[in-house]
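Dumping the structure here so I can ask a few things about it.
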Amino acid sequence: MHSENPPPLASNDSRHERGLRALAEIDGEGGQKVVDALADIAPDFARYLVEFPFGDIYSRPGLATRDREIATIAALTALGHSAPQLEVHIQAGLNVGLSREEIVEVIMQMAVYSGFPTALNGLFAAKRVFAESSCETSHAK
Amino acid sequence: MHSENPPPLASNDSRHERGLRALAEIDGEGGQKVVDALADIAPDFARYLVEFPFGDIYSRPGLATRDREIATIAALTALGHSAPQLEVHIQAGLNVGLSREEIVEVIMQMAVYSGFPTALNGLFAAKRVFAESSCETSHAK
Amino acid sequence: MHSENPPPLASNDSRHERGLRALAEIDGEGGQKVVDALADIAPDFARYLVEFPFGDIYSRPGLATRDREIATIAALTALGHSAPQLEVHIQAGLNVGLSREEIVEVIMQMAVYSGFPTALNGLFAAKRVFAESSCETSHAK
Amino acid sequence: MHSENPPPLASNDSRHERGLRALAEIDGEGGQKVVDALADIAPDFARYLVEFPFGDIYSRPGLATRDREIATIAALTALGHSAPQLEVHIQAGLNVGLSREEIVEVIMQMAVYSGFPTALNGLFAAKRVFAESSCETSHAK
Amino acid sequence: MHSENPPPLASNDSRHERGLRALAEIDGEGGQKVVDALADIAPDFARYLVEFPFGDIYSRPGLATRDREIATIAALTALGHSAPQLEVHIQAGLNVGLSREEIVEVIMQMAVYSGFPTALNGLFAAKRVFAESSCETSHAK
Amino acid sequence: MHSENPPPLASNDSRHERGLRALAEIDGEGGQKVVDALADIAPDFARYLVEFPFGDIYSRPGLATRDREIATIAALTALGHSAPQLEVHIQAGLNVGLSREEIVEVIMQMAVYSGFPTALNGLFAAKRVFAESSCETSHAK
């Protein structure tokens, strides 16, 4: 459940396959939902999303996947304009081994760099994701 | 030189002393230069800078200092409007144990979240900081 | 329905009349709804909106109205904070001769300049506008 | 109801008490609601919110509270990504003595500095706050 | 030197004349330099700059010119991407009656809404403007 | 010199070759300089820059290269934080067939969507690029 390292790269592995694997590992269902939602409006964009962010960037060695999610949660909180993607990556952070506490710390710290309103909106996004995540856990019992 | 954990908190430790210690450990000379530059225009702001970001936030347990710098470098690269502060925190990342490679990976990843121009400008900031840092290292021999 | 050129300027044409004509041609009902919504809170702002963006800028020769909508859709997608105005201008793009495909291409391209989340949110805005637009077309039969 | 000056500072007054007083005076119920909403996700952040923005910044002499709200409404309108906080501060502006007309003027002016879409979204936020505020006034009769 | 009110509006006063008067009063030489710098690249834009921001917005009754500069300094500090325009408006603030202390307070407050880096860069802009302004004052003796 | 259409896609053409061709056609020397500047800090990022923006996006049919540059110039002017990249794309706009007048119109229009300061800074970027471009033309004689 916890992954410190990016998925291993077979030398003749295609970017697309590598991207799909990374997307599934990191974003779980959230990533697939985005890909599906693009099918009728911009299917090629779904392919780019799999291949560049996930097949190229998240699959690189040199930074643990857990650390990559710290960076993404920080950036999306700071930018403040993309709540749906922030929610997907808060869930992704949980998927790859960040604790709830660590995620909350990252978001709180953004008060210093992009202001209190962005940190507040980030914390409320975390609250929604954690609530849904707890819900699923208790249903699964 | 490498610190995975925030400085220990003595219970009767003042925010200001704690902040000065965290500032010195994390930002090194860069932090003190900013504090000095504020002396004649807004000395109270220098105090807030020591106390809130460093005495409150960076001194919190719950997230390693190294992880906090990943978050800060990501956010400042993504926001794209604060090159001097980004340079201070790239140096801070090196001070608290991030490798050059890890810093470059964080910045490159921002191409996905805030666009290629912010990542490019972040990489050129890293290039300046690394060059100066190498220079100091060789002078120190 | 397709207009490569801004409306001709009669020399003694008032900015306000010219702006109303451009607003009607470009934004259609969407523009008038915005003007109406301002009536009780800031009626002078409705006048400025007609006169500066539409009476001055969109009425200038030197750039085709179609090209102006490419610029506006690109900017609103990249800024990422104004979904309602982006929707109005995606419809405006259709009104002045951009194809759905061209609009999707402009929005997808923003992944490079402002990141994948802004492009994704732009594509979902286009999906909503195109769905409503198809609906109206089939009702009109 | 109208306050030109920040609350007086007793020399041995704690930041937290001073912050709570300023928060109550300025944001009224809106501020307390935010503090309450943080209780289960990040209670320490609620404390920072009381202490730094309100205990430190808004409690400073040197700028009237009314003038501080002009600055905040302007900034939140211009940034364009934090509608809930903008609404809280439009109400805060009314609480500390700005007239509806003055608030509308500040927001309209942002069309010049951050573009018409941010000004439009700010005006619609003001419309919502004013409507609710009128409602409460008439219920109170 | 201090102006609480916008210039009086003669009913048959043209927007352009009114704008030039407001520009001269508020921005002083800084405004004229910008207009001159536009002469060879976009002379019509110089005209719009005089007419819309200054002839329309700053000339409106309903908000004192001093209050308008608080709003502008706040917004430009918070946006963080337009240092030259921020400097012009810090000087404009001094021209229309804000004290240095009030300007510094507005900028410091932005740490709360757009983060410490934007406030720091705003304070350094103020430092540059105040230094030049002191210099001119002592030369004028 | 003027290209209404993206380069033709040979079916077995690699993304990298296609990207290099598009980069050379669109950005000219400016693009190669950026790639070279990345060689020692992040050579893989140079590869991504060639492959995703140029090999994938700019090489797509469905929008003329000229129209793509309108979108890019608009977005970079509006974002306001990436002057070096804006200059590269103003030159790119000239390379692919936009007239100086059209580029100036796109930038001016951004006053409506992201405010006058971003439009002013964009116009001054255009002034620098046009001056250098004229210089080269006269040297070439």
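Residue numbering begins at 1 within each chain, and the chains themselves are lettered A, B, C, D, E and F in the order written.
In the analysis below, a contact is a pair of C-beta atoms (placed from the backbone, for glycine too) under 8 Å apart; a residue touches a chain by one contact, two chains touch by 3 or more.
If you want to know which protein each chain is, UniProt gives these names: A, B, C, D, E, F = Carboxymuconolactone decarboxylase family protein.
Since the structure is predicted, the reported quantities are computational estimates derived from the model, not experimental observations.
Under the contact definition, subunit C and subunit E share the contacting chains A, B, D, F. Ranking A-E and C-D by contacting C-beta pairs places C-D first.
Compared with subunit B, the chain whose C-alpha mean position is the greatest distance off is C.
At the interface between subunit D and subunit E, over half of the residue numbers involved are used by both copies, so each side presents largely the same positions. As a whole-number value, the distance joining the C-alpha centres of subunit B and subunit D reads 30 Å.
Within subunit F, the positions touching two or more other chains are listed as 44, 48, 52-53, 57, 60, 76, 78-81, 104, 108, 110-117. Within the complex, the subunit B residues that touch subunit E are 34, 37-38, 40-42, 44-45, 48-49, 53, 76, 79-82, 84-85. Here subunit E touches subunit D in the complex through residues 52-53, 57-58, 60, 62-63, 67-68, 70-79, 101-102, 104-106, 108-114, going by the rule given at the top. Residues 78, 110-117 of subunit B are the ones touching subunit C in the complex.
Residues 44, 48, 52, 56-57, 60 of subunit A are the ones touching subunit F in the complex.
Residues of subunit E that touch subunit B in their complex: 79-81, 104, 107-108, 111, 115-121, 123-124, 126-127, 130.
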